[in-house]
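Every chain is named by a letter (A, B, C and D) in the order it is written, and numbering of its residues begins at 1.
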Amino acid sequence: MAMSLLDCLATTEALAAIFSDESVAAAMLEFESALARGAAIAGVIPTTAARTISEAALRGGVDTAAIARAARAGATPAIPLVQALRERVHLIDPASAAYVHWGATSQDVTDTALVLLLKQARVPIAADEARLDRALRTLSERHAGTVMLGRTLLQPATPITFGLKVAGWTSAISHSWYRLRDAWSRALVLQFGGAAGTLAALGDQGLRVVAETARELDLRAVPPWHTNRDRLGALVTACGLHVAALGKAARDITLLMQAEVGEAAEPGGGSSTMPHKQNPSGCAVVLAAATRMPSLVSACLTAMIQEHERGTGGGQAEWPIVGAAVQATGAAVSSLAGAIAGLTVDPERMRRNLEATGGTIFAERAVMQLTPLLGRDTAQRLVGDAVAQSRRSGGAFAGVLRASVGQRVPGDLLDDIDRPERYLGAAETLRTWLLNDPEV
Amino acid sequence: MAMSLLDCLATTEALAAIFSDESVAAAMLEFESALARGAAIAGVIPTTAARTISEAALRGGVDTAAIARAARAGATPAIPLVQALRERVHLIDPASAAYVHWGATSQDVTDTALVLLLKQARVPIAADEARLDRALRTLSERHAGTVMLGRTLLQPATPITFGLKVAGWTSAISHSWYRLRDAWSRALVLQFGGAAGTLAALGDQGLRVVAETARELDLRAVPPWHTNRDRLGALVTACGLHVAALGKAARDITLLMQAEVGEAAEPGGGSSTMPHKQNPSGCAVVLAAATRMPSLVSACLTAMIQEHERGTGGGQAEWPIVGAAVQATGAAVSSLAGAIAGLTVDPERMRRNLEATGGTIFAERAVMQLTPLLGRDTAQRLVGDAVAQSRRSGGAFAGVLRASVGQRVPGDLLDDIDRPERYLGAAETLRTWLLNDPEV
Amino acid sequence: MAMSLLDCLATTEALAAIFSDESVAAAMLEFESALARGAAIAGVIPTTAARTISEAALRGGVDTAAIARAARAGATPAIPLVQALRERVHLIDPASAAYVHWGATSQDVTDTALVLLLKQARVPIAADEARLDRALRTLSERHAGTVMLGRTLLQPATPITFGLKVAGWTSAISHSWYRLRDAWSRALVLQFGGAAGTLAALGDQGLRVVAETARELDLRAVPPWHTNRDRLGALVTACGLHVAALGKAARDITLLMQAEVGEAAEPGGGSSTMPHKQNPSGCAVVLAAATRMPSLVSACLTAMIQEHERGTGGGQAEWPIVGAAVQATGAAVSSLAGAIAGLTVDPERMRRNLEATGGTIFAERAVMQLTPLLGRDTAQRLVGDAVAQSRRSGGAFAGVLRASVGQRVPGDLLDDIDRPERYLGAAETLRTWLLNDPEV
Amino acid sequence: MAMSLLDCLATTEALAAIFSDESVAAAMLEFESALARGAAIAGVIPTTAARTISEAALRGGVDTAAIARAARAGATPAIPLVQALRERVHLIDPASAAYVHWGATSQDVTDTALVLLLKQARVPIAADEARLDRALRTLSERHAGTVMLGRTLLQPATPITFGLKVAGWTSAISHSWYRLRDAWSRALVLQFGGAAGTLAALGDQGLRVVAETARELDLRAVPPWHTNRDRLGALVTACGLHVAALGKAARDITLLMQAEVGEAAEPGGGSSTMPHKQNPSGCAVVLAAATRMPSLVSACLTAMIQEHERGTGGGQAEWPIVGAAVQATGAAVSSLAGAIAGLTVDPERMRRNLEATGGTIFAERAVMQLTPLLGRDTAQRLVGDAVAQSRRSGGAFAGVLRASVGQRVPGDLLDDIDRPERYLGAAETLRTWLLNDPEV
């Protein structure tokens, strides 16, 4: 199934397919199929019934539209799906039909299906993430020595390197990906507990069925978690953190790409009416995800307050939340990967923008150099005056300051005051530290 | 198009159809069609071109999947949609193709399309709302005299009537519906401003084209609002308020429907494994919407910070937010309407639950009756002791208290102390006040 | 009481004082005082008791720290506050002490107190809003003819005027202020319903006491709304909408103020280490509010799901939410008013930035002028080539295009193609339309 | 400093003290003090200056109200705080004053101060958490064999044990505490990077100063993270997950404590007007935190999109968000610890409530036992009829069913059909599995 128009900027083709009706139904049926096999291995249902159910379930092709319509009566798509499967099995072998969904509850189906979709979704996202990570590291290395303006509160600060800026993005993206990968692994667990989560309907074979069904699905076996949603919550919050880190990089790129700044540009896209346009459309998709993700996280956390052994409201809210959160995350990773991989950087423009400040960005440096010699008050006053005069006259700050300070300091003290290369501090060491972070 | 499985509890069939690919594409094409006609009326494009474009656009049938896929390049589905329309017109009349989308920008298409969908969506939601309102008023009238426990912090308080409780729901639902209806009307406006919102491409006919296009679409003409999203924001926040009011009623019903309370029950639905179950599935759908809506509102407000004349991230986030918010609202209204219309109420059980408190809920009443005669401290002490003794012994609070107070107060003062009908205060007046609220 | 350090950017001095402990306690006591007077007028409590209570309450000076500490036991500060008042009255007249809080419940105190604080808070916010509105209108008028780049997706689009941009801000700010003012008025209501909201403890005088107490407090009398929170929710969501409108303007200003853009600057503030810095600190405060407000709205909506006659969790969450929301709103209004009132605008720089595009922003205009003569495909191709050549060569787009088009079009058709004044469309009409909006 | 009235339910005394003005200012000064010492060790500033600054800073006593008022000019309290410290040092030794804040930027102060507060806040929260964990485990052990109704969608399901329910709470609380503890440790890092995060002002000694200052403060040294906020975000999201887990338990307790259920009760608190009340006030505080936390998480994630080397809006929003989030978490942990430690449980009432279902909750069990013998359709029909008849007549489900089934199944098959002890499945094994979870 294709992306819908309404959500076309909020997902990727791969993820839209994974969360499509066909795929969702297949995941629900995969649970029923594995449960039947697991129950048969444990001796709880007849082997022939298991085979019939398993094959019928894996054949797919249920009427997903009918199931979606029928879902509201019982507030779950599991009831009509199980009914549809039972009817199909009944056509093949009426006796086997009795053993469909044996010992399970609706949420066992919907939760395990969601987990199976999450397992699938991890693959394309991890692939895009690897592509993004490589692109970021290459970009940072390439621009280890590319000097540019640091900007604080969107105003010129002291110089940095573009390599350092990219390393900062990389660090936050790596940290949050590490957390997300960990949360993702922990979330790949079977949900199976039956009516009230005790496996009572399976007599003394409950845990055996759990183990076998989990093995069939290649999921981890854990105690039922019908109303203890911490693993799912951890996955969605980790998505939120990761998309925030991606969004920060995307915001920076859109700012660097402004015509008036012109220091970097993503490949981007055009306009429906203006032929001259190159828009940061990749970053726009990332930022759209970053706009929505905090709220998806919030909804997920609110939904975690689920009553007793099955929630009334919270649980029923999760599918759209988790589906949207994972797809938004994938859209953001994929789009930023494209933007970074295709980023063009203009070191010349970076330098021109830096020089356009007239050197006033070195005012801090000047104060710190002059303070030990002249005292802080004098240093501050001289520098402040020089900044003001430089702005008024358009003259270079360094020259104005040197003239003003005159003989009061050793002749060469201010010589290279406005050479950005001399005021990069530990930029390069920090850059490599960020890229070789022991935290991930 | 049917509801998707992932969102099947988060919408209604009517709304799923309105926000389906076919419908979204039709709305976009409807804008292009109306614009062509409007521009022709204003003399900006040739009449024949307008006719060709208009007819081609209304014929529908674009490849929505292809448009969705192509949308990401420019971060808008408008570009590929306009391109598809242009190609189609070109097949009919190459000269006319030039005038497709004349003077418009992508956001003119996407915003006006969204508004057209909102206009459609109002119809089924308003119909469900009317049904809900009628059901609520009928219910409140019928139970004007049905006495039940008031409950504060989920503990027994003093008595109320069920009619008053329902009137409280009705009041909040009416207030917020009034706000939502108003916001909805205000939001039904044309978006048309061209590249930077000045209508420059239309020369001196810009405002004329705005007026004519708005007339064609039966929308209100307003200045372009590309990055001033207050009307859309007001609609979504009003949805949030309304769903909160619906959710409060749904929460109450789920609590009243607990087996241990048993005072009211919605028709509800069953279980996939437990034949004895009657679940509040209608209310669960309402509460699921109430779980998600605050976050959709939050996302919408965050998205309102859009840069300059067209946002980078905020605007691109809106379609999924607004689509989900309106559908969640519709699902909640529809489900609560069903729950209220089918609500069964058990006045006998209400009375039994009230009586099961042993009359201790009249402790406040007793204090207030005794205080003028015995002083507050004595009154508090006597009443407190009587509550404790009643709980220990299981004896009725009123009897215990009367024995304890003895001759200290006039003989009949405490006679009807535990008759709930005598301690309803202004319940009935408040009920009618709530139902005849001058605020809406 | 001063602003706290933690919240010093999240409020104003005036609002911090209104939500200070002294002020909160005074509002709670004001309710108790008015209730005593109202109950005496209705003949429910003795006049002397009312006088004693009223005077004791208005004298202030309760130990707010002790009340705050004691609040957790009963999950409300009302219980210890009432106890403190009762003890104080007892010292004056033991008999009167019995009539403190007569017929009221804790939430009557806390809700009415909150409303009284909201009533106070409206004053400074409305004053700042008026200042902001005047500054915006003046600014828009002054720059009605100031031409600048329109920018979409942070890239150069076609020209606009700065007056139009400001009018857009003004429109969204006016709309949302209109909504907020309305919501604020509707929220100024008495809360008084007693234990379960029936006024039962006041016998047949309940509504009379409501009316008199409301009159004493100059609040509107409405039915109790203990768990129907729509008015409060409407106020907070309207705050959210308003702050979003303010945030959009602030974001634009921070972008215009970038050194590389330099088109406008707010007075701003300095840096702790860089003497050359002028930071958009006013806008930063607005944007900090805009970052937090959507979530405060979300929390408020979530809190609206309150059980039965008194919520368990939702109600107890409201004070910090509403207090923070109103203070954030006030901080944003006040800071933006300062930023706009002190905004310096550089029309020269605006023109230079526009011209720095080499006229390529007129590509749309050129296509639309050439299309009727050459057909759209040829027009698109010629213009696209001219844009590319202009960018490569640095030559003006208009010249390149004229050379390329040659004799194919009437000689003067492209004469003024790159004069921004000729491509402003309806900018001025739209500007006045926005400023004279019939919607507010 | 005491808790404020507005926030008195949203914090604890210990945390209110940690986030008080005095404590916040002390943390900022502690950074300046440690920086001075660290810079002196690295030879960057004179030792005597370091000593003077360090001692002046640690003496405390700055005018926090004045600093809070002055913070808005530069959108940070760091500027006036540094100024106040400089003036104080100047009084002692003018030469030393020059070296105050040497090489640092405002955010170095505010971020490190926040981290120091977080370090303090961990202590009381961890202590409450340990108390909570012990109470939960004791409670679960004590009620390993206490049979009660499982409840799904707030309706009776099959039986569970109270020990299993508590183990479920414990598991989610342990998981999320494990995540929170980890995030907390990772967040205890120094922020120090100077103007643009390169440490340029410290020449080649930047990293040395970082190392020494971190050592002085017992924080981990990491590269500057001025606009890479993942560690802070991870802490706040982990708070959100933890509070959600706490809130789920609190919600369950409030439901069990309803008079009509009466299975468990926390110590709770009273009412301002109703002497008979015992309210779940501890759980109300937990649920109030759970109402607000998702939004605080959302705000924190939104704030993470910070521009370039210092954000405009996002960064300035963090203090109130993080302060509120940590305090809400602490309030929730502390309140739930009290509620659990003081929980009274009524196993008799649990059994009575279970029996009040007339045994219909065993309908699933009956279907599963009868299906292999009678086929599913017959089993379903017989059981469904028996449920209906039992409800109509009030007769026990088991008896009705046995009569209906008659001789069709072996005589003893349904003998113990309604004995809950026989339908607990793997409850006890799952309980111990949950309490001995390998994931934490």
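Going forward, a residue touches a chain if its C-beta (ideal position, glycine included) is under 8 Å from a C-beta of that chain, and two chains touch if they have at least 3 such contacts.
Treat the numbers as computed from the prediction; the structure is a model and nothing was measured.
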| item | value |
| --- | --- |
| Contacts common to chain B and chain C (chain labels) | A, D |
| Which of A-B and B-D has more C-beta contact pairs | A-B |
| Distance between chain centroids, defined by C-alpha means - chain A, chain B (Å) | 30 |
| Chain D residues counted as touching two or more neighbouring chains | 75, 103, 105, 151-154, 157-158, 194-195, 201, 247, 251, 254-255, 271, 273-274, 279-281, 284, 287, 290, 294-295, 298-299, 302, 312, 364 |
| Touch list for chain B against partner chain C, complex | 75, 94-95, 97-98, 102-103, 105, 150-154, 157-160, 164-165, 168-169, 171-172, 175-176, 179, 186, 193-203, 206-207, 223-231, 233-234, 237-238, 240-241, 244-245, 247-248, 251-252, 255, 287, 290, 293-295, 297-302, 304-312, 364-365, 368, 371-372, 375-376, 379, 423-427, 429-430, 433-434, 439 |
| Residue numbers on chain A that touch chain C, as the complex places them | 151-158, 254-255, 257-261, 271, 273-281, 284, 294-295, 298, 302, 353, 356-357, 360-361, 363-364, 367, 380, 383-384, 387, 397 |
| Residues of chain C defined as touching chain D within the complex | 2-10, 13, 19-21, 24-25, 64-65, 67-69, 71-79, 82, 101, 103-106, 109, 194-195, 201, 247, 250-251, 254, 269-274, 279-292, 294-296, 298-299, 302-303, 312-317, 319-321, 323-324, 335 |
